[in-house]
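Lettered A, B, C and D in written order, each chain numbered from 1.
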Amino acid sequence: MHIGLVGLGKMGFNMRERLRAANIEVTGFDSNPDVSDVTSLAELVSSLQAPRLIWVMVPSGDITNSVITELSEHLDAGDLIIDGGNSRFTEDQKHGALLAEKNIGFMDVGVSGGVWGLKNGYGLMAGGSTENVAWAMPILDVLRPEGDRADSFVHVGDIGAGHYAKMVHNGIEYGLMQAYAEGYELLAKKDIIEDLPGVFRAWQKGTVVRSWLLDLMVKALDEDPGLESIDDYVEDSGEGRWTVEEAIANAVPAPAITAALFARFSSREDNSPAMKMVSALRHQFGGHATKPSGS
Amino acid sequence: MHIGLVGLGKMGFNMRERLRAANIEVTGFDSNPDVSDVTSLAELVSSLQAPRLIWVMVPSGDITNSVITELSEHLDAGDLIIDGGNSRFTEDQKHGALLAEKNIGFMDVGVSGGVWGLKNGYGLMAGGSTENVAWAMPILDVLRPEGDRADSFVHVGDIGAGHYAKMVHNGIEYGLMQAYAEGYELLAKKDIIEDLPGVFRAWQKGTVVRSWLLDLMVKALDEDPGLESIDDYVEDSGEGRWTVEEAIANAVPAPAITAALFARFSSREDNSPAMKMVSALRHQFGGHATKPSGS
Amino acid sequence: MHIGLVGLGKMGFNMRERLRAANIEVTGFDSNPDVSDVTSLAELVSSLQAPRLIWVMVPSGDITNSVITELSEHLDAGDLIIDGGNSRFTEDQKHGALLAEKNIGFMDVGVSGGVWGLKNGYGLMAGGSTENVAWAMPILDVLRPEGDRADSFVHVGDIGAGHYAKMVHNGIEYGLMQAYAEGYELLAKKDIIEDLPGVFRAWQKGTVVRSWLLDLMVKALDEDPGLESIDDYVEDSGEGRWTVEEAIANAVPAPAITAALFARFSSREDNSPAMKMVSALRHQFGGHATKPSGS
Amino acid sequence: MHIGLVGLGKMGFNMRERLRAANIEVTGFDSNPDVSDVTSLAELVSSLQAPRLIWVMVPSGDITNSVITELSEHLDAGDLIIDGGNSRFTEDQKHGALLAEKNIGFMDVGVSGGVWGLKNGYGLMAGGSTENVAWAMPILDVLRPEGDRADSFVHVGDIGAGHYAKMVHNGIEYGLMQAYAEGYELLAKKDIIEDLPGVFRAWQKGTVVRSWLLDLMVKALDEDPGLESIDDYVEDSGEGRWTVEEAIANAVPAPAITAALFARFSSREDNSPAMKMVSALRHQFGGHATKPSGS
């Protein structure tokens, strides 16, 4: 089997490795010539025999849009584009409709596993037609971990459903990380805890909270027991936000996931306007001292 | 009528003024000799004729405990102590029991109104016996604003009930301030808002969100339109914490009030251990860059 | 002055009354013939002399869209439409652009005050050009409460800014109501509170939490002291949701307002899938009994 | 080695099995004669040779208190009591001090793993002296899973530290379960998701959110794909509450864990007083219809 792969960053690069190691022929394109096998999307397309399967693994939003649009100009009816990035499910539905006009197929595959996927395999959530899922299955079977297919792959539904499941996966991930992190701080601030990294390490086997994220926390604390080298500034990518937006759109109470998102927002604020106002109010009614700005 | 008043800080000092302006005779004691009328609690007690009424207006916790304990040694059966401070209701119940052994009466009165109470009068919430409430009524009627008694005074229940109502009042206050402050930040961060102080000012009459706290926000923004002089560091006193503890003890969901409390905790953290851990985890699984400490 | 008014529901009907009482001539149109002055939008437009000012006061979304679109077909260059409903600010920007093509002016005015506005006047937040605001000022001055204009009216910015401020106002309103409601439940569940309605009544004068919403709570408790007649099912309109969406879009932590929104979502769930899963999980790991469905 | 074990419920019963399978001699006592090896605590103590080691595995609070108090009357200096239940760490400190007066040793061991511990082993967190930990180590090594000791056992600190770590573990567990449950509801309410149980199953290998709790969700959904048989009523034990109380006491923002606790409170409310008040308020200011009670 021979496929095209657009995007050779942290995720795509590793996926090419994993696919090639399983004797899937992969022609990769990236704007970085150091890692790219071809010099353009046009060359990528012409290197493949129809019907072509091209996996797109680039940042969601404008870049994914432009890659899919440009590909659609080079591909033929009967070809298939798989968006393996983190696109919003509504984007998938637009892309699917655009490509359907040219009889080009489309699938969305949510991919989880991070930089460890190269070695461990990736968890995969697919949206699209049964026919296209079947076409892509040899690729999917290589990308996912060994063992029962159902433990690492699911055909969630039609176009968009794969990325919807991945979006929810990431929302859950936000909540899980926040819960562990709150526990970490509770232990870190209590004087009777003499072996904080040891607590996390001892949770790895046997406890109810054991998980892969816990294993990674143990690893992080092993590398830097007090997390001294790390700032408390946390970015968020789109999917946490979209999860909360979907919670709102569907009237689902999602307080834990939302708390995780807001905690990241707070972590990036040097001087919160809201808390300045609370301080100002306390001064106004109670004569409580405010702290001068910048102190 | 002649009463004793212990504690002449921001609140007690103003209350003495308001009482004297209404021809209530007040002998005040404070550890600060510049404001004190007498030099000791013993002297305060001996300056009053039995049955004595002494209003205690000192910080809650150890100081209130020691004042009430010391007073109990000087007072006689039939006297009455009113704790007008911010004691936890469980403390009231202890103090009431302690004093009852000596047949000294006890009442708790939650007092709201801050530094504006001197001029406007205070909202009052009383716990204790009907008899003691009746005894204190001339004082309470002076301290509260003019107009219908029921609009600014309530006999909530037995000992502790007054401070319980005041505790909940303060918990609500946390939630109200947080809600306004979040709205302030939403407006402050939106480029299409050209007159931010004007928005708050225009909410004062006619809107659903009009309130005294809103009036104070208008005042704060009038004094410092961008709150430039104020840091986003916000203290909390005991009552917000106790409110959440009571929510937990009584299985009452209190997410908005709790959000307000946690926002204050966050405002005081220079480097949140929890968010360092979230950042560390994102690096571990996704290879996402962390921000170096102190950057 | 003679204006057109589209929409004579709870809000529009009262506004017509208030305007007429101040000798503003108002021709109103509503799909309900019992309250309408004319039989069609076309008739409404032809009843006014150019340049016309038409105030639209209909439900946001599709109805506002169709009213504005239909009006645009009847109006002339130089006329002015004011959307006084609860449209999302992004809709205003669309409507403004649509009408600008025909040189018809557009303004958005956020209106707060509910059913009490007839008597008390409404708080008003306007978006649009200085010229159009000046044109509408005689109307605005009648709709708002008497007294200083700046206490009840603000020109927030360009088109959309008025409704943005109103959206934030409503988000704050959600948070305020939730904070009071949590406090109400804390008092309702505590056995030592003997006069719960009395507590709210006594907060009306003097306390830090006094507000118009508090006055309405006192009124509600006066009508039904235990709120026996009311279910705990709470709808939400669009503006609470939009406020949280804007918080997300602008990275503003808004935990109290969001808590209020989620509490409403929860209030409407008969059988929460999330909590069923938590119950199922507790059973799985701890052997804890689940409660059978429907019990 | 021969130890005493008090409490043969879901946890203690399994632990006796696991210990005996490893050739630890166990004499168990329970108030239920069907499972008890002896008829009284006195008989239990006299069946052991000094210095005795007795593991207490009974419900926290009054029952643990009375068992430890009664045991202290029968034991001798040099004996050791281990509290393996879910006592609050402050109780441990009281028990340790009480027993120290009689030169009886005390250790607290947080035990995680639920009903699966019999087969998988338990994660263990110990508080107490190094000497006592060493004494108990043969027991601890049998109770925990095979493999590196540090992956399933930690000596956290002095008396109380073991249960503190277990309390935080349970707080984290609340947060994790809530995050997954919110994700479950998001998927359950979205029409494009055609294979909801399949999504959870496919997350088991390879994804960032894989965990033991996830495996249990897969099992729960396998047994009852729509969770039809389960009500959304969720109990909470003490440890979630204590975790939030410690968050408050130590000024640690813990919004996700607290959200999980409040969601359980809400799940148990048939008719929330808070939401009745919000509904009443909406009616007061906006004329919005309330839903009649019981509808």
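Please note the rule applied: a contact is a pair of C-beta atoms (placed from the backbone, for glycine too) under 8 Å apart; a residue touches a chain by one contact, two chains touch by 3 or more.
Note that the coordinates shown come from a computational prediction; the quantities given were computed from them, not determined experimentally.
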item	value
For chain A and chain C, chains touching each	B, D
Per Cα centroids, the chain farthest from chain D	C
Same vs different contact residues, chain B with chain C, by half of numbers used	same
More contacts between chains, C-D or B-D	C-D
Between chain C and chain D, centroid-to-centroid distance (C-alpha), Å	46
Rounded Å distance, chain B centre to chain C centre (Cα mean)	32
Where chain B and chain D are represented by their mean Cα positions, the distance between them in whole Å	37
Of all residues in chain D, the ones touching two or more other chains	114, 178, 180, 182, 185, 189, 208, 213, 251-255, 259, 262-263, 266, 269, 272, 274, 285
Interfacial residue positions of chain B with respect to chain C in the complex	89, 112-114, 117, 120-125, 127, 144-145, 147, 150-158, 160-161, 164-165, 168-169, 171-176, 178-180, 182-183, 185-187, 189-190, 192-195, 198-199, 201-214, 243, 246-247, 250-257, 259-260, 262-263
Parts of chain D lying in touch with chain C, wherever the complex brings them together	10, 114-116, 177-178, 180-182, 184-185, 188-189, 213, 216-217, 219-220, 224, 227-235, 255, 263-264, 266-267, 269, 271-288, 290-295
Chain D partner contacts - residues on chain B that touch it in the complex	208, 241, 244-245, 248-249, 251-255, 258-259, 261-263, 265-266, 268-269, 272, 274, 285
